[in-house]
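Would you mind keeping the following structure in view while I ask a few things?
Read from first to last, the chains carry the letters A, B, C, D, E and F; within each, the first residue is number 1.
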Amino acid sequence: MTEFMFLMAAAVLGSVALGLWRVVRGPTRADAMMAAQLVGSGGVAVLLLLSHAMGRAHLVDVALVVVLLAAMVSVAFVRRLGPVRGDDGTE
Amino acid sequence: MSGDTLVLDLVLAGLLVFLAWRLLTLSDLFKATVLFIVFGVLLSLAWVRLNAPDVALAEAAIGAGVTGALVLDALRRLDARGPADEAQPLRLNLPRLVGALLVMGLGAFLLWSVLSLPPGWRGLSSETAAAMPRSGVVNPVTASLLNFRGYDTLLEIAVLMLAVLGVWTLNAEPMPPAEPAGPILDVLVKALLPPMVVVAGYLLWAGGHAPGGAFQGAAVLAAGGILLHLARPFNVANRGVVRLVIGFGFAVFLLVGLTLATLGGRFLELPERHAGILILMIETAAMISIALTFVVLFVGNARDNAGRDTS
Amino acid sequence: MTDPWIPLVAVGLPFLTGIVIFMLDDRQVALRSLLNLFGAFAKLVLVGVMLWGVVNGRDYGVRLAIAPGLDVALHVDALALLFITLSAVLWALTTVYAIGYLENAAHRSRFFGFFSLSIFATTGIALAGNLFTLFVFYEILTLVTYPLVVHRGTQKALAAGRVYLCYTLAGGAVLLLAVAWLHALAGPRDFVAGGYLREFGTDHQFTLILLFGFLIAGFGVKAALFPLHGWLPVAMVAPAPVSALLHAVAVVKAGAFAIIRVVYDVFGVEFAQSLGVLGPLALLAAFTILYGSFRALTEDELKKRLAYSTVSQVSYIILGVAVLGPLSTIGALVHLVNQGLLKITLFLTAGNLAETLGVHHVHEMDGVGRRMPLTMTAFTVGALGMIGVPPIAGFVTKFYLGSGAAQAGQWWVIVVLVASSLLNACYFLPILYRAWFQPQSAPWPNEKREGFDAKAVLLVPVLFSAALAVGAGIFANAPFGPLEWAKLISSREFGYGP
Amino acid sequence: MTQESWMEGTLAAPLLGAVLALIAGRSAASAIGILTALVGSAASIGLAFAVSRGGSFRYAVGGWGAPLGIDLRVDALAAVMLAMTGVVGLCISVYAVGYFRGKEAEAASSRTNTGPAWLFWPMWLMLWGGMNALYLSGDLFNIYVALEVVGISGIGLIALAGGSAIAAALRYLLLGLAGSLLYIVGVELLYAGYATLDLEQLRQRIDAQPSTWLAAALMTAGLLAKSALFPLHFWLPPAHGHALAPVSAALSALVVKTGFYLLVRLWLDVFAALGTEHVTTFLGALGAAAVLWGGVQALQQERLKMMVAYSTVAQIGYLFMLFPLASMSGSLTGALLLAVSHAMSKAALFMCAGSVLAVYGHDRIQSLQGFGALMPMTAAAFALSSISLIGLPPSGGFAGKWMLLSAALAGGAWWWAAIIVLGGLLTAAYLLRVLAFAFLEPVVASSTRAPRAMELTSLILAGMAIAMNFALLPLHDLLHAGGAR
Amino acid sequence: MNDTVLNTLLLLGPALAPLAALPLLLAGTRLQTAVALSALPALLVALLVPAGTVDLPWLLLGARFGLDDTARMFLVFTASLWLAAGIHGWSYLNEDARRQEFFVFFNAAMAGNFGVILAQDAASFYVFFALLSFASYGLVVHSRTSDALRAGRVYIALVVVGELALFAAIVLWVNLTGSIYFSEMTLVSATAPARNWAIALTLIAFGIKIGAVPLHVWLPLAHTAAPTPASAILSGALIKAGLLGWLRFLPLGSEAPGWDHAMIILGLVATFGGALVGALQNNPKAALAYSSISQMGFITVLIGIALAVPDAAPAATLAAVLYAFHHAFAKALMFVGLSMVGATSRAGRAVVAGGMMLPALALAGAPLTSGAVAKSELKAVLVAAGWNGLAFPLSLAAAGTTLVMLRTLFLARQAQDTHAPHAGMWAGWWLLVGGCAAANWFFPQARGNYVMSLDEWASALWPILLGLSVVAVGWRAKWSTEKISIPPGDILLPLSEMWPRQRPTPSVRQGHQNVEPPSPSALRAARAAISWVEVTLAQRAGLVMVLVTAAVVLLIAS
Amino acid sequence: MTPPIIYASAGAAVLCLGLFGFLAARHVLRRILALNVMGSGVFMMLVALAARTDPPDPIPHALVLTGIVVAVCVTALALALLTRMCRDEGSALLPEDRDIE
């Protein structure tokens, strides 16, 4: 079970890597930011998986913090960099 | 460890190196910043894998969260003031080539020297374990931070305070009021703020026995503050109350240490019986201060306590 | 049994006087003058006490440890007394003169402060009991004389100060190296008659020769040895009392005195001879003597001519040191005093001329003897003394130098002496001729005073020093005269009388 | 009072003062600052006396003891540095009161705002506290944190000046941060190798292995950047040259010494087992290069403060000549004395520059005619500190150089001696170039006078730099009593 | 103690008296006159005080003064001369505005002269010799005419050279003999190092004073330029100081190979040359000056004899002193006489003419004069020393002297326009006349053989007759001295032509004040290089750090 | 190959990348990022080396926590300085870098 969990985590990480490609290539900033959010979500998933796999319940706390902070960063992005004129503006 | 965990570790490590590489070589600073934030998130995974959940928490809250927000904010300011794209991609020229070779050599040597470290290293884990019962807390990291090496932490809080002073010195002006927050943001803030405060309190409390503590809690609290600021920009002026709160954590920590010293112990020598409560007290004070510190670092300040414009 | 207080007071007195003077306002003329005079005459009294004490076998000395094995030591011996007496007497003269000379000038507190400090440094040099102490005070002297050189505050003065510092600091640097090296080599040692490096024998011959060269180069700057003399003629832009101080009382003398110390009390003259360093030194001194004289010949500016004359004259001292033998030693030591007396007379008279008539150049001096007979009498005494005309002090020197050279079998030295005297005559006698035997040919450049000669306060020191110069010649052999001290020192150095 | 109490006072006073000043704000900051400075310097001087009487001692903060806890180590070396910081710090504080009062008066007359000038006080006190913590510390990581405290407060102080100081502060920050990181890599390697952060324990355990070599190299490079040794000096002149006068004084006089202090600790103590001749020679050679380069650069400068800043570059180089000469007796005493007297004279010089700026409104050297007449005390201070910097007797600078010179010559290393002497000449060249202007007649009579407190403190400091000439023996005794190293 | 004081007063007093009298010049007119009598104490001492010495160890380098035979002889004629010249001169310069100044120098020189005579140690001798020499400059240039100033220049130059030579000589002698006291200056063996130098320097030092060829050039110039009483002193007393120097310093009584012959030859050259050139002068004073050169040639020869034949040294010395004695009075009288030719009354003029004839005859060596005695002494020495061969040439030289005397008298006759002599001048003149006439009685040697043999008469007379006949022939042949005259200073003129005239140019020399800045472009390049390095370091900060790290690693590892 | 070694190696690589980025980059923001990355590499190595024992040594964790907080402080200050400089001088490059590239 734990091995599966690890594998799953690795797979999630792999998908995250694909998301990173988006960040690098993304035509707009919003693309990049969304991809980053995706990575954040992936990270949370990996954390939860690891929490089980490694038997450490308090890793959930870490996931929780990641979620909260990711939300904050998203808002910061939106408020600070989102409505940049000249950008092709997804928002 | 089995090969499966190795796959995860290898992928994670590879990703981290890749991210570091790309974020330094991408010509677009914004993307680099995003990658930096991602790097932070993945780093916290690495901490988890290295059995360092406290660090993972801090990394997630501070390394990725607060720092990310700060860099994003700075990027915006640079955008507003001048071209942020002065950053050129790192083309290789002779000095850089030399530098690269040197750094590679250094890295190789570093790696070699790390790998050639003698086995059988025990670190201070046994000493820590032996001292834990007297530390007043269960979480050895918290014990280290606030008891064994509490002095470091005291100075660290001083560094935080100094950063605020520096930012105040620089008269970092507030961002021009953004467009009024939309309803989505309002809802989001309303939804997120209470859990953030709760989580912060939880982390503070949990620090005694589980991963968590003042810094992580403060970061989450600060995230709430920053969120609020983003929705409804406010100015944390260089006002008496603000300064009191900023200095509060440090003052409490220092005064506790000094009081203990005057009571016959040594500086910061927490008596075994009261260590737990003292640590909690210090942590609480520190968290409040640090949270406000982070907020101030993000928000900046343009007004002094007399309310005069200082720019 | 050593008595520490007298030397301490002797050094400290001018220092304190200087500091107090700094604090005075420029307008507190009376108080400052009083202080100056008090300092000068208290110093004289002190010197008298020391003279009396030393003659009666008392030992004055004090030491203050700076670091382990590193002392600032003050000690009164015969050589020190010789120098300190000279400086005390001349200081008193110069002080009186300066008070009169700088009436109504700007920055007088600064001037007199540094003036006092110069004497502080000179006293320290005189009383220094070891090379380190000597070096310390030597450098202090550099520093405190610089403001005096640039005192006028003109660009020209500044340039002169720059040149002065260039030379002296570079010399000081070399000196520092040498002194430290010697200290490292020989350990903490006090001056001792006959030197203390003898015990090295031939062990460190090369190093010792090198160090000797360094020391001479370092001290030679102040002593204006060729080719280190360049600052001296330039520094004459300073006011007359400063020139007197530089040329007669303090700076140049300090250099010569230090060289004497090095040769006699560090290396020991016989050891130096065995190292083979005295010959080159003598040659250098001889060359300087002739070179200075030649340069003086071509200068029309009076003070500059006098300055080159100093270049030439001071090297007599060094020449005397470098020629092995008690007689030349006596000559060197006596010239220390005599040159001081003569040169101060000359510079002060030059100052009188400048201050009273605005005469700065030789070609303006036609008939000045009739206008300022007393001043020019003093000048004549100085000039003739420089030439070596008896019975003025200079001849005593030359006699002993020549005798010493003959004693040492170094006949060429006599030739140098004679040639130099001839040159001295060539540049001094035309001045006397113009002053006394030519009628006034043009109006005085800037006549500031109508009455007889110069102001009394300027005149008295000049006459006094001239009288001293004559007295030092006529009563050369009198007890307690400079010659007797010189003989005493010489016999101490050589272990036997001349 | 016990040694420990003196130490606790030394450590805590500035920190407490800093936070109090922060909380109190503009109105009371300077009062708190002066009070703290008095207490802090008294404590550090008391500590120095205590060490000279009672010898060196260790202090386990928190009572845990190394390697788990943090041990402070108070020996003569630390005591000297602390006392130096205390004395100079007090003077800087007094000067700063006058300085900012002058600024405020100026601002009031021109109806501008001084801005957050009062932030000087908490930052300065924190800087002071950081330096004290650093000197006291016996723990590698604690030293890192203290270094950060010092660095960040220093940067904040530099930034107080605004304008060109911002870029300078940024440069300083980047380089300092990089240096810190290199340092921390070294710490980490050492910890990974020897499982302790305590200097004393490290010294006992250290052995020659690659990670230790690398650690030593990285820490050295990092600290060199912080102490502005040539060729990592370039951040210093703009930073110190553009900062406010009291800040420049503090940075140039005190802060640069921290890196030097640590390197002394490391190379002459902790890493002694590594066989260090080559490295010490290397450090000495860099020092020599710094002496010459700093001197040449200082000669080129047209602004007084920049010149004084480059002078610091050169003087730092002198200190590093200790390393190759360390085996010779007296060299440590000399270098320390040099450091102390440099602190005093350099602080005095920057104070003078500040006073000159206050009166003239600029600090272009060529236009400083007659500052001797306009501000005699400042000119005197300038002259006295020049004497000490050049190393002319009698002065602390001289005594220090003498000891170094003696050490070099006793060891037959005449080339170090030659550099020492040559550097003195260069120093003379650039300092006296300025001093000469004091003697010219002033061109314009400025109505502004520098506050007396400013002039007086600079004079006092300069006087102390001279008086340090006689500190050699006490210092020597202290180093022996306090068991340096 | 009292003895010392008294002796000092007696033996040093005469030298100091003229100086002590100087303040009188500031007093009223009547008292001033006393200055003219400053030489009286010296004369009294010379005549009355027994021989003796006094040591004054505190003075100079340990001074000793004393009166020995030589000193007494010198003091007698010198003091007489100074006294006469003083009295004469005071009156002579009656209307001169600078009379007081003249007497300052006059008395100073007088003091120097007496001091030189009384000094018994080298240092004191040197001191007074210098005083004499330098003070005499004032006498030479008294008139301030361009001739006088030129004469003064030449004189002072030679004085300086002489002083320096004397200085060097003293240094050498003191070193060679180990004492500064003449009485203790033991003879130095001929092989001693530097002895030759010492002799040479001594010869030069005093040869200048004595007017020995070729150092005589100042003499005709100075004598011509100086006021007459001063000329009398220069010729009568000053140049004798040179002789005294030779006597004091030269190792008479020991051999000086080479020097003896050189001296004799130079003496002969001077004797003949001086006479010849003197006869071709157009100024009586110049002629007299050359006569002095010529006469001193005799003395030079005597000294040469003394060096050549040590045994004859005492006799030669004595003869030289006698000759000097005789010459001093005669020559002084001649000079003073030149100032008396303006006598208005016929009787006066006759007396003056007689007074001119007397010394002229004496100089020529006419019988019954002091000259004859001196010359016979000279010849006796020659005979005794075995240098008989010189007797004839010296007699021939006397013919030359006769020529010069005739020339002088002739020129003096022409000089009619000088002012009439005052009483004081007469007094001084009479004093000299007396001295000149009495000179031969003063010689103790002369008293015995005053009655001369016929041979002696003949040998004394024929040179005079020869001279007279030459003049007669010349007169007949109308030789014009204008055509073939030699200007005073003879060899100096071609010499001074050779010497480029140099005067200090009053150019303002900047010297070191403007230190040339290095060429701006080089400086700029250096500055640029420095700032380039600095900027590059800043740009490559990280690289530098890494490099430092790498360097330290390598250094530790090595 | 154990996780500590993997992460230590990755940490070393990240450290070097950060260092290289610091020395190669001109834009101050990039330099700040580079230094942060470098710091992360350092901390990774430290924690990885601490993970050689089980349970891991907590002291390095405490150190890294401190380091992270210090890093964020320095970063905040650096960013504030950068924005101020950019505002005053219109460039996000240090003065010496402005005329090249």
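Assume contacts are C-beta pairs under 8 Å (C-beta built on N, C-alpha and C of every residue); 3 or more make two chains touch, one makes a residue touch a chain.
In this text, all values refer to a predicted model and were calculated from it rather than measured experimentally.
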item	value
Co-neighbours of chain B and chain A - touch as defined	none
Top-ranked pair of chains - ranking by C-beta pairs in contact	B-F
Chain separated most widely from chain E, comparing mean CA positions	A
Geometric centre distance via CA averages, chain F-chain A, whole Å	21
Approximate Å spacing (C-alpha centroids) for the pair chain E, chain F	100
Centre-of-Cα separation between chain D and chain A, whole angstrom	47
Between chain B and chain E, centroid-to-centroid distance (C-alpha), Å	107
Junction residues of chain F - those touching two or more other chains	15, 18-19, 22-24, 32, 45, 49, 57, 59-60, 63, 66, 70, 73-74, 77, 81-82, 84, 94
Residues of chain E whose C-beta touches two or more other chains	538, 540-543, 545-546, 549-550, 553
Of all residues in chain A, the ones touching two or more other chains	none
All touching chain pairs, where touch follows the definition stated at the start	A-B, B-D, B-E, B-F, C-D, C-E, D-E, D-F, E-F
Residues on chain B engaged by chain D in the complex (per definition of touch)	109-110, 112-114, 116-118, 121-124, 127-128, 131, 147-152, 154-156, 158-159, 161-163, 165-166, 168-171, 238, 240, 243-244, 246-247, 250-251, 254-255, 257-258, 261, 265-270, 304-306, 308-310
Residues of chain F that touch chain E when the two form their complex	19, 22-24, 94, 96-97, 100
List of chain F residues in touch with chain D within their complex	15, 18-19, 22, 28, 31-32, 35, 38-39, 42, 45-46, 49, 57, 59-60, 63, 66-67, 70, 73-74, 77-78, 81-82, 84-85, 88-89, 94-95
Contacting residues of chain B [partner chain F, same complex]	1, 5-6, 9-10, 13-14, 16-17, 20-21, 23-24, 29, 32-33, 36, 39-40, 43, 46-47, 49-52, 54-55, 58-59, 62-63, 66-67, 70-71, 73-75, 77-78, 81-84, 86-88, 90, 96, 99-100, 103-104, 106-107, 110-111, 114-115, 117, 121-125, 128, 140-141, 143-145, 148-149, 152-153, 156, 159-160, 162-163, 166-167, 170-172, 213, 215, 290, 294, 297-298, 300
In the complex with chain C, residue positions of chain D that touch it	330, 333, 370, 372-373, 376, 380, 383, 387, 390-394, 398-399, 401-403, 405-406, 409-410, 414, 417-418, 421-422, 424-425, 428, 432, 436, 439-441, 469-470, 472-473, 476
